[in-house]
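One chain, chain A, links the two complexes that follow: it is found with chain B in the first and with chain C in the second.
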Partner chain A sequence: MRADRTSAPDAARLTVLFLRIGALNELQYRANFFIQLMQSLLALATGLVVLALVFDRTDELGGWSRPQLLAVLGVFTLMGGIIRSVIQPNMQRLLEEIRLGTLDYLLLKPEDGQVLASIREVRIWQAVDILVGGVVVAAAVVQLEGRVGWLEAASFLGLLALGATTIYCFWLMLAAAGFWLVRMDEVQELFTGIYRAGAYPVGIYPGWLRAVLTFLVPLAFAVTVPAEAVTGRLEQGNAALALGMTAALVLVSRRVFRMGLRRYSGASA
Partner chain B sequence: MAAVDAVIAVEDLRKVFSVPVRDAGLKAAARSLVRRRTREVAAVDGISFTIDPGEVVGFLGPNGAGKTTTLKMLSGLLHPTSGQVHVLGHRPQRRERALLRQLTLVMGNRNQLQWDLPALDSFELNRAIYRIPPREFTQMRDELIDLLDLGPLVHKPVRNLSLGERMKVEIAAALLHRPVVLFLDEPTIGLDVTMQRRVRSFVAEYNRRHGASVLLTSHYMADVRALCRRVIVIHHGRVLFDGDLAALGARFSTDKTIVVRLPDLDAAMIARLGAYATVLGTEADSVTLRVPRADAPGVTARLLSELAVADLTVEDPPIDDVIEDVFAVEPP
Partner chain C sequence: MTGPVVPVAAPLPEEGRVRAMARLYATLMRTAVVEQFQYRASNYFYMIGMVAEPVVYLVVWSTIARSTGGSVEGYTPGRFAAYYIVWTLVRNMNIVFTPYGWEERVRQGQLAGQLLQPMHPIHHDLASFAGWKVVVIILWLPIAGVLTIAFRPELNPTLLQGVVFFVAIWGAYLIRSLLLWVLGMVTFWTTRVSALYEAYFVAELLLSGRLVPLALMPGWAQSVAGLLPFKWTFGFPITALVGPIDRRELLVGLGAQLLWIIIGALLVKAVWRIGVRRFTAVGG
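So, the complex of A and B:
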């Protein structure tokens, strides 16, 4: 059996394992929980104030009503929580270890390198954003007054998972680029900056920027499309596109990662 | 194809790194933005050897000789540029689970344990990753704790351990899955003498108990002398010597050491001996001389005929000196 073919149950087993270690590690720093909670609430408050300012002057923004935009803000916060608690810490560590040549111990393990590289770090306090975002989405749904059924809820969760996967794959490719290029840190910073644009539906941006945020940096699929689902605005075409895009990114990013491993040169001996 | 039952078979193995080169200075830096020049450096340049089950082999060479690169290719971390590597019948760069479960690589000064947690938590993680059955795990863990004298150390966060303590815990973590092939890269580096001895006797004991094959690099000749009958010496990515440690001196040393015991030794006689050969040192009634290998028989004959010699031995110089001589040799 090849080590680089870890089955899905195996991956789940390993994820739980590392989640536990991550939790053990983080529980040593309890103060971080309160700091994180403050940060989340502050960021949320800023977002709400901006929304209030916008709707002081208009009743809708690019065809999105106030509660619908609130849902976008909720999904944005929630996805940000997923990114900062799992995706970003793992990908930053991966990139750093590629650069320093300290990926050795990971590659020695009899498991899939990509799976291991993707689950080693968990920032559980950052997951506060997932809760806060979830509450905001729920509040938006309440304000939408019953236009969200089970189907919408299910497709919302499905598209959320697809969205997180596209962001993960995108970031994996950024990190794997480190096998070829030396300095990728700035590019990661750039992504964090671009992600802020996701606080609003990509539809409100001009065409060229919308294209960038959809295909170059897959923000549209990470935030806007799930938000469409939970607000009853989803078009079937977009869901299919999200599915296709995710599948393609999964395959391509895996390929890129494995090509990169062949180039891995380790720390200078 | 090498011997069928060899644990490790390496044939004409090469690893070439491409290293960016540029001159110092801003101008050169700007130029390299446009056109990056690289130079090919062969870290490992066509080496071949085999290692049998249960063998403990010392892998020697100066810094940059290609030892670590070779070990990393043997454990599947690096893809060879060309040549063949087989470990337990597998090609390591394929990272097959069946192989990875049977080997380990320990690197001195590197850390794979969870920094903020007690080592026991990291052991647990390795148990799960390697899927070690609970009973085997407990047995092996306790054996390692006992052999390495880890006792209370495994309950402390790793960051609170001293360098030597951490190394012992690292070694334990790397052996929990009972590997049969051990690659030890400078396992005693930076440790004090007592701790070095401890690690050394542990490796010998592990090899005896589990019949594991060990390929070991070390800057401390004491490690090599204590553990390895056979050594492979590489320099500039090529094998310079592969054979018995004892034969290394005969092959490489240009000198012989003669120890003469003289009952009526005094300062005048020491001065006279200086005419025969270089005096390395004197003790109460014996003198250690160094002579070029070719002159050894002649000097010995003269000493015996001209002086009242109580005892005389001709030896190869200490292995540490020999190794120094070896590394002074330039590649062909």
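So, the complex of A and C:
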């Protein structure tokens, strides 16, 4: 019943259009900017307090120096902004509509269901975290005094995009789980909680937890690997692994979403 | 403790009031237990999401302890593990009716129905959240078991410490309930409250022992924390069980909790009396 024929250029065009409308809608509420800015700065201040307490006692944490950990904090904040502005709001709306049965309206449209379900919401003020995180990363790079050339910058941005994609695919599978399980209310709390672990490089966690944060919840690729790139710690193997993991997740999550759609029976019954 | 604008039936004789109140609490708590057990999956998601926070702190600080000669301010990795595992229970006991919830109560007039009841609306919150805590403690036990296997805490409390801990987590629950009620009631005057709440929660995070044991904070921060209620709702109950703490400090802690409960209750009473006059609801 659905057309899955949305071509890549069409999908890009739709994405720009939807995000623009969403952003315009949110721009009406300017006061939210200051509320969000204050929240971002308080969260950042808390992160900096922890770093100060840590480096009061030691010179390095699990092989990471202070400016390097600052870069991790920056990437963590930046990625958190991406997640909360475009990924999570869409996935929560998807979950809600699966539960209520109102996903019908989306599926009736003559475009790819996954594309439409992923671009309908944008929380433009949450993107303040993207800016704040970017500034922190820049500050860390300055403190590192290492030259970040075009190559490092490009690999950082590339790995950041891959990381955001892995988180999107992960969330898509979480949302698709709603086709099978009814109550997924607190799944967002669960994700937000686990995401906190990304504020530190996954290498400091014990082996079993590191495995969870790499392959089950892909925080390693979302935060640690891009941070490695910008601090000059990246090993080629990790970049290749990130690429492979992203490609696998894109395919698997699309598959899972479609299997879920086949189970979906709508609201009219 | 009856709301001032409420026309109620003649007050019951003192003895009857106490009994009626006890029955009310028992019923509301029982209802909350049954209700929350239905949502055990949701409750579990919520609790597991919450566990990530202390695990992060625990890993960071035990890494530091190991790399700096085995301990930080007397905290070995095992003691950190004990601290942050007990943390998870204390954190759960600290969750009470959120001040953000007051926006709906006031703006949408939900308070109107509660004002008609012949007791102060805070009893409803205190009793039903206390019932939920019973469910939380039961659901917490397996989580604590898993964390214990994963992080091997050093925990050897005396009987007295155990008893004080059990009392102190309920003291913490009361203090935080009362203070957040006061904070929530600011909504009677303005609904632009999120900046105030955020600042409060960050101060609490830093000065309660939630982020790190207060012993790891600089001296001046510890002095500031001594003047505020936060550490009595978080750091104190944990330290009461994990130690090191002597008999005198245990008693002082319980005394400080009692003091803050009294301050909180008086504040609730005073702010409620002035604030509720500003409350209006529109019939629907």
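List of remarks:
Going forward, the second predicted complex is superposed on the first by the 264 of 269 C-alpha atoms of A that agree within 3 Å, B and C clash if a C-alpha of one lies under 4 Å from a C-alpha of the other, contacts with A are read in each partner's own complex, and residues count from 1 in each chain.
Following the convention adopted for this analysis, a residue touches a chain if its C-beta (ideal position, glycine included) is under 8 Å from a C-beta of that chain, and two chains touch if they have at least 3 such contacts.
Only a predicted model underlies this, so the values are computations on that prediction, with no experimental measurement involved.
When the shared chain is aligned, chain C comes close enough to touch A:58, but chain B does not. By the touch criterion defined above, A:193 reaches chain C but does not reach chain B. Contact with chain C, but none with chain B, is seen for A:35 once the two complexes are overlaid on the shared chain.
Residue by residue along chain A, chain B and chain C are tallied for touches, and C comes out ahead. Contacts of A:110 after superposition: chain B is touched, whereas chain C is not reached. In the superposed model, A:236 makes contact with neither chain B nor chain C. Of the two partner chains, chain B is the only one that A:102 touches; chain C does not reach it.
Applying the stated contact rule after C-alpha superposition, one finds that A:206 touches chain C and leaves chain B untouched. Of the two partner chains placed around the shared chain by superposition, chain C is the only one that A:50 touches, whereas chain B remains out of contact.
Comparing the two interfaces of chain A, the one with chain B and the one with chain C have no residue in common.
Partner chain C is touched in their complex by these residues of chain A: 35, 38-39, 42, 45-46, 49-50, 53-54, 57-58, 60-62, 183, 185-187, 189-197, 199-200, 204-206, 208-209.
Across the complex, chain A is touched by residues 17, 43, 64, 66-69, 72, 75-79, 94-98, 100-101, 103-105, 107, 110, 112, 114, 116-117, 121, 125, 128-130 of chain B. Every residue of chain C that touches chain A in the complex is listed here, in rising order: 39, 41-43, 45-46, 48-53, 55-56, 59-60, 63-64, 67-68, 72, 150, 194-195, 198-199, 202, 205-206, 211-212, 216-217.
Here chain A touches chain B in the complex through residues 1-4, 13-14, 17-18, 21, 24-25, 28, 102-105, 107-111, 113, 262, 264-266, 269, going by the rule given at the top.
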